[in-house]
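To keep things clear, I will list the structure first and then write my remarks on it.
Chains here go by letter, A, B, C, D, E and F, matching the order in which they are written, and residues are numbered from 1 within each.
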């Protein structure tokens, strides 16, 4: 039943929420460092990604290892429905770790996107697929001989935030964030509440009211 | 009468001028460092901003202060018609200092845009509002507990350029620039003159002439 | 006959190839460092550039030299059909070395684009011209008094890759690469072969097959 | 009685402990991010600083404010015996916030050193005083018109670590660390225990034994 | 007579002044940006350099030019007594532009030191010579094929400060600064006055007085 | 016999050569990129390291793995006489990968030093041991839970230079360099020859001759 729930949850998040309101709620709960570094950007500004983190750890290497894709293939073939692949490379600028075939393989297993702290390639095709991909940059080089997947389903750092397998990752035009699994239900419930208050604040500002008065009334900014 | 004039002036600049030609003219007048750092980019490439600088100084802080938005609200509620809010944060990468509500509050007072040396959020909504916003990056976090407005209507550094309240700030796809108020009239008059020469140079190049000959004739490149 | 051949070749590359597959082939041939730094981006994601490198070396200077554009004009007036201007500035962030008039002059001689390790300007017009331009950033300032072309048709470093005059440069949405002239024929032939294998891999993944099995079959990822 | 204890404690730490062993112990207790960024270095490699954090928050400003040193003077005049001044500037590279007179004023109140995330000056004199100072860099400029102390005795970030007033800060040749006050007693007790095990490991290695065997025996590396 | 005067002046500066007090005075005169970037450091902390700027402009190149040292040799052979060679490289990290032989040649002409915005080598020998050298870093590579002197006795940027030939450059443990020639006499006179006030402030602090009272009395901090 | 020779060779290099002259010779042989990045510095300026590269690859990880030191211990226990441990971490700033015990273990096996592209700790003790260590920075944290040795005796990148096992690495005050094993004999022979020419150049400069004449005579600079 869990994945059933997740999918309903993720659809709800995509429809009603955005990353900023979730960050505000996490601030209130004492989780201040859940937004990834600002250089991790969606390939298209319209792309929204939400799902459970499927973590992958891929450091730089400097030769072509035997079976260079072995663990990477295992990782991708074990993606589950509703998962987002989160790739940590210690911010490699040399390794084009993600591309069209990995995106296709992820989709084939029911994965819903990828967040890559590093370089990606095949962007034209990935945009055509409308596969939600967040990355630091683009580089048209393969990972073979440049990076190697050494572990997956392990804690990683991605964009300066610790991500555990199963955490909810959420990315939109404002950036990508991590909602720890243990607080995910609370965060989403509180975020849905906050959204409506913001709408009222905005409406009164649009009517020409002063920020001072509107903030005094609703307490959000 | 001043704001009346400003508005006509700014409309003229938007229609006839662009930042590059203003920089060329300022070079000729001995003002060489008026273009902000290249990482200060418009949220949409089509956005153009022009107006008088309304400066705001917002350094990083590390706790939630009492009345965390007090001075920020004062600053925004005192924006005047034709002003552009210029936010200086010592290039904070942690504080999402600007968002949809601030944009709305600025518009409500007649402000015409914002230039933020730092992180901004609510980009989807700001693009929908067509609010001209320039920023270094996007991060979906609030300023509460991360930054604090300590002063406004004061000199600031923004993108490596000193900005005084009332200076003319001008941003387009090529970047954002500062035209000191004391030379603004001259710069705009000379820029309008230069625009026509560039057009002639371009036309002769399009006819297939060599750069050497065209430059000899018009002296612009 | 050479330029005739080049043009057919470049048309073929634009139609059938992309930078990533050429990098893979160069890896196999032992050329591992042919992709420029990821911060060298096309002005529009749809822009594709391919041609022979026409190199230009333009370091920063700090006064207005006599005849400040002299060598620059010589360089641009000597562009040949099918050439791409490759500008090396030791990654200047102060000098807006390239703009609309240079683009126009390049087109007038039959040049097919430019790759600038540095700042460029007049982006709106360059996008309108559909001139394929790759650059590190945008800054609305002229080169006069900021940079000076000291040499051309010389080896340069651009985006971390050594470029010799006549090397084939190729840029698309994934970035810009250098194919040394001495291996260009081999690279292009092998790349055309690899493209078809990738298509088969992708198709089988789209049918839902596991990456493990598809990789075992085609050996590409 | 508290300061009496602190002083004995700090003398013990200076004599028996070093930052590395305290970090190891904090790792074991689940505090993984207590070491400041590596660019925060002692002015002299021999300098050791230990004490309670007296925090100061000094962002960049861009004019000379009235009473530019007011809060800074209050902060320094309220330093207590055994305190180390910890200055946070959002990593300013323009403001020489600390110098000889501040060092002298700190010593006059019984302060035992300073850790400055930013620039400092008067290094020759500070070395002569043997005042333990850690800083990111040296710049011979005053803070007046460049930075302004806006708060003290508040939480700050310094070198990437959150510091609360009263936390124990400890710096030596390996860098500067923060021991949160609530775990300080445990950390110091456990660190004293660990020091002796390391000595035994080292001695056996010096006798020529293999790391594998020595690690198997003592479990430290 | 000029050099006679200069030498007496520079001896006085070395004996009585330091860079920090000169920066304070320049601040008061409205010259706020005269201190070079903090990564320009003396090879030995005890080194002090003072003299008239002999500027050299040496950008990166990517082949071995004919007569690769021609202009560099002209520049060094024209150094005059009391001059300090100031080398601008647009912050090259590849070119070891300065070494033992250049230091020796400078001394042979009466030059008193060098400030190099870039890499230098032969540090062991240069320390032995006690030649005052400031640099960004050390790299054991030659300039041949990596950099080329294209001009000298021209304005340059060095460490973020504009330097004109003949400006007074002054470097000590706190960093390197530029005193524009047109204000040099004033700066030095005022700096000598300020030095004595600082001494009095320090003495009263050492007697245990509070900063508040001492600052009220002398007005320096 | 090989190690016997190596030791004589390395003693000769330490006595007669320095890194700069070896770089010059490698330039002449067409090896232009053999000097590591300038931020890789000796712990003490007097330290000289020379030996065969024993490479170690240690990327960042984000949990404590079982047997966290296993491969690291194997690597160090297999160090041979005359080897220098070269650690590649993709420039980790979080992992204090090297410390006193590793230094001691290396010495116990006859290793002659270490070059670490990353953070190191226990500097006080390592200086006391006079163990030649080059590193990017110091951080008092352990590698456990931060980094993991995944391979050794493999090609690595260190400070921007590719290092193969058995290459000769050489570090002194000017930095660290890599002499590929296949050209090591030639480089050392030619470097010994060049050293004497430089001495003659220097002597004539010291006699007051002009650089132009001395360079014309000896052809070295």
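In the analysis below, a residue touches a chain if its C-beta (ideal position, glycine included) is under 8 Å from a C-beta of that chain, and two chains touch if they have at least 3 such contacts.
From a predicted model like this one, the values you see are computed outputs, not experimental measurements.
A.B. asks: Please identify each chain that touches chain D as well as chain E.
C.D. replies: Chains that touch both chain D and chain E, as defined above, are F.
A.B. asks: Regarding the chain B and chain D pair, does the interface count as same (over half of residue numbers shared) or different (under half shared)?
C.D. replies: same
A.B. asks: More C-beta contacts across A-F or across A-C?
C.D. replies: Of the two interfaces, A-F and A-C, more C-beta pairs touch across A-C.
A.B. asks: Farthest from chain A by Cα centre, which chain is it? Let me know.
C.D. replies: E
A.B. asks: On a C-alpha centroid basis, what's the spacing between chain A and chain B, in Å?
C.D. replies: 31
A.B. asks: Give, as an integer number of Å, the spacing between the C-alpha centres of chain E and chain A.
C.D. replies: 49
A.B. asks: Which pairs of chains touch one another in this structure?
C.D. replies: Between chains, contact exists in these pairs: A-B, A-C, A-F, B-C, B-D, C-E, D-E, D-F, E-F.
A.B. asks: Give every residue of chain E touching chain D within the complex, in rising order.
C.D. replies: Per the touch definition, chain E meets chain D at residues 18-20, 22-24, 27, 32, 35, 37-39, 41, 45, 172-175, 177, 198, 201-202, 205-206, 208-212, 215, 220-221.
A.B. asks: Which residues of chain D touch chain B in their complex?
C.D. replies: Listed in rising order, the residues are 57, 59-63, 88, 90, 92, 148, 150-151, 154-157, 162.
A.B. asks: For the complex, which residues does chain E have touching chain F?
C.D. replies: These residues of chain E touch chain F: 69, 72-74, 76-77, 93, 96, 99-102, 104-105, 108, 119, 121-124, 136-142, 144-146.
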